[in-house]
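Take a look at the structures listed below.
Presented sequentially are two complexes of chain A, the first with chain B as partner and the second with chain C.
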Partner chain A sequence: MTVHKGRGFACINYPIGMNLGGDPSQALVHATPDGKFMVTLSAIDLGQGMKSVTRQIAAEALGVPIADVYVDTADSDTGPHDMGSFASRGTHRMGNAVIRAATEARRAMLDAAADELEVNASDLETDGHGNIQVKGAPSRAITIEDTAIAAQFKQGRTLSGRGIFLIPPSEADPNTGEMSPVTCFAHAALVVDLEVDDETGEVTVIEINSAYEVGRALNEKLVEQQLIGGAWMGISHALYETTEPYYPDRSHAPGDFVEYLQPSPGDVATHNIAVLERPAEDAPYGGKGPGEMCANPVLPAVANAIYDAVGVRCDRLPITPEKILRGIQNNGGAQPKGAL
Partner chain B sequence: MTKSPVQFTLNGTETGVFVNGGANLLDVIRREAGDLAPKLGCAQGGCGACTVMIDGETHLACLTLAETVEGKRVETATSLANGPQLHPLQKAFVEGFAAQCGFCTPGMLMAAKALLDANPSPTREQVTEAIAGNICRCTGYEPIINAILTAAAELRGRISA
Partner chain C sequence: MSSIEFRKDLFADERDDDLNEIGKPTIRQDIIGHVTGRTRFYDDYLFDGLLHMRCVRSPHHHARIRSVDFSAAERMPGVRRIIRPQDVPHNINTLLSLINFGRDDEQLLSTDKVSYMGEPILAIVAETERQARDAVHAVRVDWEELPHVLDVEEALIPDAPVVNPEYPNNTFDYHALYDHQKLRFGDVEAAIEKADFVVEGEYQMSPIEQAPVETCGAIAAPEQNGRFVCHTSTQALFFSLGTTAKQLDMPSSRLHFIGGTVGGGFGGKVDSHHEPLAVLGAVLTGSPVKYTWDRTEEMRVGAPRGAERWRLRDGVMRDGRIVAREFTGFFDSGAYTRLSSYAIIKGSGHLPGPYTIPNVASNVYCVYTNRTPATAMRGFGITGVDFAIECHMDKVAETVGMNPIELRILNAYRDGDMKAHRRLAKNTALIECCQVAAQKAGVPLSAEASAAKSSEGGGIGERADIPETITDDMGRIGDRRQREIPTEPFGGATNRGRVPAGTRGEAVVAAEVQDPEMQIDPTRIGHSVSQAAGTAAPVEPPRPVQPTPPPIPTPQPLTPPPAPVPAAPQPTRPQSAFADPTEASPAQSTPYRPDKPFQRGVKRPGVSSFISGTRRR
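Let's look at the complex of A and B:
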């Protein structure tokens, strides 16, 4: 029995969202009577942090403290239309819609404040702490709370905004077939170090080193969290998970969580992450978002590392011990490629 | 069907319910007592989302007959916070980004609570072992393990202070 070390590399250009049939997101923003702002979306936070990031974006675009912004999501009856949380589109599409809605609401807010202060709205600025003041003369100021009260109880005006961000459908050129399936890419490169036991076929992932380019990381901790969790899922899909292990014979299909294989807390590999920030032009404050790309490069990197370790090239997932042992047998023994 | 009375302490509060024979504790906690902290994941003991503590030991509420907790002390993740004051475990989970969708979190917290009650200075391996029956599909476990170790250190600091 020998344990062979292997190293595998993979990189990825990952498209943000899709525009084959048009890809819109909408947002509505309105002020409550006490000068807080509600962002209404029908997009869903699956745990990836969409609510946190759209809240940050709305606060930035409105010029108000983040504590004064609430995000209401996931009700397609009461929220404006959204294509949904998929295709790594959340930060980019919803974020852009929120910026537009918040910008319109900010304009209404500054107009209302201008009436109260008897100045021109273009001379006003927000201080980020809940006040609106005359540029260069911060003593001429009104709180956003007082502005909202005046707007709604005196001026008869709503402090609200509508936003839609649409990537229009891309038609294929009839002569060349050329089209723009996507407008914005994120990028990653990832190295996996692992060990393969040539007697049992068992793979142990030792370490992952990755570099992700996600535009601006609007919330660094959320980006890191997604990358760590997503890489775990990548390992899981590379080595363990399948509902049809002996397709088309379903008699061995897992019936529950006990039989459905996935890495346990004891199978966690060290993961070192470098996040590169290269703000994207059409992205909200430059943020593209990690999304599905967290898991994707792990799979080919694991497959390449296994090839490096024992010379077995598996093109069916998951790469189970059985497949590795059959490959070693077909090759007449382990054939380390020696990248390490 | 005849209902039976069951009296137990739920998160420090005397609780009395009438349950059908065969009713499981998770249903009783969620539907009768209205504590929605423990979650129904697989309903067959495979995922750990329903983990609660009964007389200080972890149990899977979905596999526990409600009638067996007569006279016992049942604690869910709801017991951890003291008003707005989060338990060190909850604080460490929040600050360590140890939750994404959050569905496994109440079970993870109780598995961790039982561990730290019994062993205030667990090793990383002991933490890993303690949550081995709880499935998380979002975090990759590492932030959870780190959060539990952080909370353990904070709790030890409180005791020695």
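Let's look at the complex of A and C:
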């Protein structure tokens, strides 16, 4: 028995948002009486952090501290329409809608403050700590709380905003497939190091070294959790998961987590990540959704690493020990390649 | 231990890193509730007198329903209502009818026949889940088993059983014309003919369960004033609301949907089957009704990521340039359409992967088989073909004897390159990802591969040209029912059409803000707009264009070297071959377009264009 080391590479890009557009998102922002802001959506937080990322975007666009912003989602009676959380569209589409809504609310906020300070609104800026001040003269300032109270109880103004973002729908050509699929793409590349036991066919992923280009990491921790979790899913897809182990035969279908194979937390490989940020022109603060694309490069990289280790091309997923052992047998033994 | 670093040094000039809240590792708004078990998910909304719904399902892949006898079930303790297909006001739908794509092809509860194992035909509402389960077992169905088909390519054979009556050819109808989605760019057949190597492969993506911790479900209850509230695990609140309004033939204003906090989705919570049934149960009983899947249903009845089969054929030059790539793809949609038809167009727009290849063709089929319908999952339409493309890239690298990472960088798309769907690439970063990943793993790259940049060298000369494209009209809807037709691009074609070189349309961009007050101040967007077109690499003073001297002859092995590519640069290392961006770009603002094609020496087959061009002399 020998344990063979293998190294595999793959790189990918990923389209952000619904293909061919036609998927609007809307957002509403309003101030409470004392100058806190409520963002109202019907987007879905599946654990990816929709609420958190829209909260940061709203705080940035409004120019107020994050503690003063709260996101409410999803209630169809109060949250305006959103297409849904899929197709890596949440951050891109909803983020832009939130920016627009927050921008309109910010304009109203600065107008109200301008009246109180008796200056032109274009001369005002927010300090990010809850104050609105005259540019270049920070001592002439008013708190956002006082601005909101004045606007609503003295001036009779609402500090609120509406936002919608839409890539208008288009078609694909039937004969050439010409189309405008999406407006931006995320990117990734990674190297997988693993070991293959040529007696048992078992694969142990040792380490992943990766680079993910996400436009802008809107929240460093949320990006990290997506990339770590996504790589785990990639390994799981490559080596373990299927609802039909003998596809297209439907026999032996798993019915629970005992029969449905997935790696355990102890199988999470060491993963050294580099995050690259090349902002996309039409994305909120340049951010592209990292959630979907991050699992994709792992599958082929694992397959390529197994070939590198023992010379068996596994073109049918999942790559089970059985497939590896049969491949080794057909080749008359393991044939390490060492290509990388 | 894992690690993460943020490479702020890359693309730094395109970014403002001095923002207040963006980029911060701010803790989630809802995390305390999640980790202390206080967050309310749909299943936490408990109502007095909550009823439970279970479905009677098909035990067969394909069967006609001769008769259903639920008289015993009806009399069982706790059973409040048996919901039959005729109780569903509008019992036919397809998910994407909400965006006018495809025809209604799936019933909420099926009437005449079932086309997959697990297909629901009755729903039973009882006071407890146990009672509902027992009642389901007491229903007697007289089934007439029908021949079934489970393999995508067998389903395309003329006499294959018809899976889905709305699409009797076992394929989704594209554009009311073809039984597949076509992509045609350039002339793949001619390019493969001239290539030094042809590399072929077939790849199979398996069906996979989304496996959220929280299974799909919904709880519906009557509200005041004729309205119904529905707490749901949906990933798309208004999709589910719209589908419910349609299937229940009810104004959407009578529906109040609440969700937004979901225990994992991964694409499996878009299908909107629970909401219509739960609301219908509440309408028919006047009581709150919960319809949720148990884990086995989630795995066997819940739509998985569909299986995909891909065949690739590349034409490759000795220097590693891929000059043609052809795809034949089969998406296993299962018995009904759901979202597979959409994913195929998305996947077609993604081809040939993140590479600039001048000749690309693909045929992709949405095939109906007698299995659980497929639906979205993380990476929908892309994950399967990316597996195929990236495994194939390694086969190409081995064939030409190149470092696999350098092969990718050589062929990588760059800003301003023309993509196969006839739009310009912009904001690309594949090359930098390859370089950084290689660096982190300690894989040395050649000087040229290390120096390559996404923003330089693309969209110049031939790289920006749209070639004349050859088309065909094979695979018209229904033709495959009459005779076997090869499935690959141009398979069986006798007639060819031509699309003139240069044909392309404009990219679709976001709709303008409706009110200028919503337009964010340009100084606050946090980034500079990256150029749509590629910029020329910095060049030495412009040189006069001269006739190309004879290329330096470089001996090339006729067959790929048998030995693995050495990790460190060595003299025996296969030549890298990078189109030299400076070659064709004297300093000028618009991309250079040659009056006539490049001289022969630049693209002589088998010789690196990097060293055979006029760059060095």
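As a convention for this text, the second predicted complex is superposed on the first by the 324 of 340 C-alpha atoms of A that agree within 3 Å, B and C clash if a C-alpha of one lies under 4 Å from a C-alpha of the other, contacts with A are read in each partner's own complex, and residues count from 1 in each chain.
The rule is simple: a contact is a pair of C-beta atoms (placed from the backbone, for glycine too) under 8 Å apart; a residue touches a chain by one contact, two chains touch by 3 or more.
Small disclaimer: the values here were computed from a predicted structure and weren't measured.
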item	value
First (chain B), second (chain C), both or neither touched by A:Ser264	first
Partner chain in contact with A:Ala309 - chain B first, chain C second, else both or neither	neither
Contacts of A:Asp256 with chain B and chain C, given as first, second, both or neither	both
Contacts of A:Leu239 with chain B and chain C, given as first, second, both or neither	neither
Touched partner set for A:Gly47, first chain B, second chain C, both or neither	both
First, second, both or neither for A:Gly229, with chain B first and chain C second	first
Residues of chain A touched, compared between chain B and chain C (which is higher)	C
First, second, both or neither for A:Lys221, with chain B first and chain C second	both
Shared contact residues on chain A - chain B and chain C	46-47, 49, 221-222, 224, 228, 230, 233, 256-257, 262, 268, 271
Chain A partner contacts - residues on chain B that touch it in the complex	41-42, 44, 46-47, 97, 99-102, 125, 128-129, 131-132, 134-135, 137-145
Chain B contact footprint on chain A (complex, rising order)	46-49, 221-222, 224-226, 228-233, 256-258, 262, 264-266, 268, 271
